[in-house]
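In what comes next, chain A is part of two complexes: it sits with chain B in the first one and with chain C in the second one.
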Partner chain A sequence: MDKNFAARRRRDLIIAAVLAVMAALAPLFVKDVYVQNILILTLMYAALSQSWNILSGYCGQISLGHALYFGIGAYTTELLFTKFGVLPWFGMISGGVIAALIAMVLGYPFFRLRGHYFVIATIVIAEIGLLLFQNWDWAGAALGITIPVRGDSWLKFQFLRSKLPYFYFALALCCLAWFVTWWLEDSKWGFWWRAVKDNPDAAESLGVVVFNSKMGAAAVSAFLVAIGGAFYAQYLAYIDPESVMGFQFSLLMALPAVLGGIGTLWGAVLGAAILIPMTELTRSYIGGSGRGVDLIVYGTLIVLISLALPQGLVSLFSRAKAKGATR
Partner chain B sequence: MTALLETRGVWQRFGGLVANSDVSISVGRGEIVGLIGPNGAGKSTLFNLIAGVLPPTQGSIWFDGQDVTRMRAAERCQLGVGRTFQVVKSFETMTVVDNVIVGALVRNTVMREARRKAYEVLDFTGLAARAEVLASDLVPAEKRRLEVARALATEPKLLLLDEVLTGLTPTEAQTGVALVRKVRDAGITVLMVEHVMEIVMPLVDRAIVLDLGKVLVEGKPTEVVRDPKVISAYLGDRHAVSA
Partner chain C sequence: MGEDAVTAQAIIQSLASGLLMGLLYGLIAVGLALIFGLMDVVNFAHGEFLMIAMYATFFLFAFFAIDPLLSAPLVAAALFIFGAVVYLLIVRFAMRAKANAGMVQIFSTFGLAIVMRGLAQFFFTPDYRSIPQSWLGGKTVSVAGIFLPEPQLIGALVSIAAFAGLYFFINRTDFGRALEATREDPGAVALVGIDKNRVFALGWGLGAALVGLAGAIMAVFFYIYPDVGASFALIAYVTVALGGFGSVFGAFAGGIVVGLVEAVTALVLPPSLKSVGIYAVYLLVVFIRPRGLFGSM
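Moving on, here comes the complex of A and B:
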């Protein structure tokens, strides 16, 4: 029994390594910058959704306010860079730490709420964050911050001639988020989180301090999402409140994991791999007419997938496995 | 030697309702004690106070020589109080063994050890064959068993069983009784709330009868069942007189 488990863990790791290598080789074949952009966004949202999944999927605290942490990552990096000349790499880490701290400060009152009330609180807080940044003059208010162009440099994490460095960073971030999840799955925290999600009362009776578990999940989740935000800001080279803290980011972090399979190791990656290209392609081929046909198609596809596979896309694989096992 | 568990003058009020009034009981090491009483006697409330779900309105609770009155359930678990729930609370999306690992993590910080401990407990409770099944796929009797397994994995000194034998078929109940004996033989003190008198009476060393939130009678099961006060509490005064 024990061996099965270890073998499954190893198999996941090997699949991930193979996929990562394949992804790393993709730029050899994909020269088109438009497609490269889609790949970068897909990897970024996979990473974000994987991070969101830690708090909302594993620990069961559904957040629709993660745009706040994304924005904090972006703003911390760019404010430190443009105002104090701090390199984006330090800004990125600082953004992560600040986001994690804010997640815990917010968690202190909000983790006492259960179910829907928690979700509502996360939405409201993210909206308040958005309003604050829209009116904060020092941080550029609604006009935002333009990142000064200093030429290609790894030190300043800025590249004008090629998208490839961004691609590899997004890939690395995606691998990191996946690996953290993989590692946490077989850790004390991972078990505590799933227990808290399934039944907080029973978890508490088994020595799990439910409140602290939620705080831990929130901190890890917010940290990783803020790193993603810092990356996005560098990638766009321009940020304003709406473009890094808008509600759509909260949704785009939740959707891939939900569609792929919430609280699973592969759900977020699988969901992002299907959802993000679908978003971009419907937008570029049938969008732009001003009639919103792309959004109708996009929404319909999401509804269809959720109806057919309520457990997420990963259930396609586990179903096949279950059949094989009964034989 | 001091008692393992003691409640001293415990009161619990919910608004105007008094669920426990001045309850003082003690449970000695190695005993199986039955907490019985008719519906609404305050058994479950007392049980939850001991487990740490809520603090008593008044009075104190002592465990293993320590005042635990203000301690939360998780802390009491770390001290050695394990419990099951009357309405089973399995972690439904997790496998049986994963459910038990959550409990085992209290005393084992290394995952490998927690996992080994979990399999050991599954063997002990007769669930080993179901280890890899999702908890949601278990039949009710197995779920009860899983509750016990999970609590045992925390390596408790005192195991609180909340109606684990209720609602089972006679055969299932007999296996349950055997399991409780096995637990006691492993050196764990048991306090069990039960409804079904004929099952619980041969099993326990001592019975405490609660009625209307108070301790009515306490003693050997054979004496308790003949006590007129107990009979009247369960069946009404008419029967008590004829007995």
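Moving on, here comes the complex of A and C:
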């Protein structure tokens, strides 16, 4: 069993490296800006969902308020940049740290709540954040912040002529989130989280520090999501509360992992690779005349997947493999 | 008449409107509480149930000139069928999930909510609609210098009547007793020959009918658009959580609390922040009493 586990982990790492190299080469063949945009969004949502999955999948604390951390990452970066001239790289890290601290401060009371009370508390806190930002004049209130154009530069993380730098950053973030998950899976925390998810009371009695391990998951998850928020803000060069902290982000972070397989290493990546291109394509092809079709398509997918494949699309692979093994 | 009298009157005025709105919030939320109490499932499409009830009321008015007050029972009946169908087609299967049961319950109804919003955008367009003229719309009653809008006033009365009816129904009828028994011990109920699925389907129907009734009244004085359910759903979750998840009469009390808190917040903070008060109260209550104000521990 242990041997299998180690072998599987090594294989996962190799597959990830191969996929990352293939993705890194993709821009050689994809010159179309529209397709590049879809690739960037897919990588970003894969990274976000992977991070969301750490708290909600592995640790089992389903959050529908991660838009809060996404928005904090975006706002910290842009407020520091536009008001104080601080470089976005520094703002990005600051945003991550602030989000992680907020996640822990919130976690202190939140992790005493169980089930639906917890889920609703996460929705409510993100809504409060949204309303506060919409009314915070110094931060641009509902109008938001337009990021001033300073020309192409890695230092200022701003590129007007090409989308490729954004593509490589999104790829790096996706790899980072995946690697953190991979590494945590085999750590003490990884085992604690699985115990907490399966049965918190039993875990507690076996000496698992339930509370601390939830706090750890929340902090890591929030940090990575805030980095994603900072990236998104630089990419769009414009933010307002609704477009970085709206409920749809909480949902869009959760859906890839849910579709692909919640609490699994590959679920978020697989889910994002299917969901995001599909959403973007339906939106642009059917769009205009038939608004809402994208919602209908992915809503239907969610219902079907959660009913028919509660362990997500990745369970199809393991099922196929189990079949092959018995043959 | 000094300035104090004016502010005192303003406070009473907003508390009175808050109370009326609170009674309506209770009616919006009670279906959610009923379903949760019956089977431990949160319907994350509850707001969209409200949304289609509002559209149904609107179209009955637009095409057949039926006043919302008359169409309310029709809308409630239609929602009853819709709720039962949702249970039979989706929730019934969601409850059988062995793996990731919590996730399945949340996302199966969440997915439904997204589909319903998409369908509404597709068929009804994202335009804001309203019912321009109805028997109640735009009229106010003045009691001792306090103005009460008629739609909200009638809505509050309907809410009180609905809760009274529900009380009678749960305590005095066979179906009500079956509902209570099933919520206490679904296993034992099967032994005495009650079909659990039937009770659950009827419970979903009843819960949806109640939010349908609320939707018909809301349509009189609120804009109707595909996302209208979202904000009311969040208020409904807060209401139900305040009352203690699953407690039907907790939802009544929770609704009143939410309405009053909203009114008081609007007096103190800018109107755009009025929901912050409700959300803060939710957090405060669940932190102090993690099972809600009236929930059993």
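Everything below uses one rule, namely that the second predicted complex is superposed on the first by the 314 of 327 C-alpha atoms of A that agree within 3 Å, B and C clash if a C-alpha of one lies under 4 Å from a C-alpha of the other, contacts with A are read in each partner's own complex, and residues count from 1 in each chain.
As a working rule, contacts are C-beta pairs under 8 Å (C-beta built on N, C-alpha and C of every residue); 3 or more make two chains touch, one makes a residue touch a chain.
All figures in this text were calculated on a predicted structure; none of them were measured in a lab.
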Clash or fit, chain B versus chain C on superposed chain A: fit
First, second, both or neither for A:D294, with chain B first and chain C second: second
Dominant contact partner of chain A by residue count, chain C or chain B: C
Which superposed partner A:Y117 touches (first chain B, second chain C, both, neither): second
First, second, both or neither for A:K83, with chain B first and chain C second: neither
Angle at chain A between chain B and chain C, C-alpha centres, nearest 10 degrees: 80
Which superposed partner A:R150 touches (first chain B, second chain C, both, neither): neither
First (chain B), second (chain C), both or neither touched by A:R8: neither
Nearest Cα pair across chain B and chain C, whole Å: 8
Chain B and chain C contact sites that coincide on chain A, given as residue numbers: 263
Residues on chain A engaged by chain C in the complex (per definition of touch): 60, 62, 109, 112-117, 119-121, 123-125, 127-128, 131-132, 134-135, 247, 251, 254, 258, 262-263, 290-304, 306-307, 310-311
Complex contacts: residues of chain A adjacent to chain B: 1-2, 4-5, 186-188, 191-192, 194-195, 197-199, 201-210, 263
Residues of chain C defined as touching chain A within the complex: 36, 42, 90, 93-94, 97-104, 106-108, 110-122, 125-126, 226, 230, 234, 237-238, 241, 245, 270, 272-273, 275-276, 279-280, 282-283, 286-287, 290-292
Chain B residues within the chain A interface of the complex: 51, 53, 72-74, 77-78, 82-83, 85, 89-94, 97-98, 101-103, 105-106, 109, 111, 114-116, 119, 131-132, 150-151, 153-154
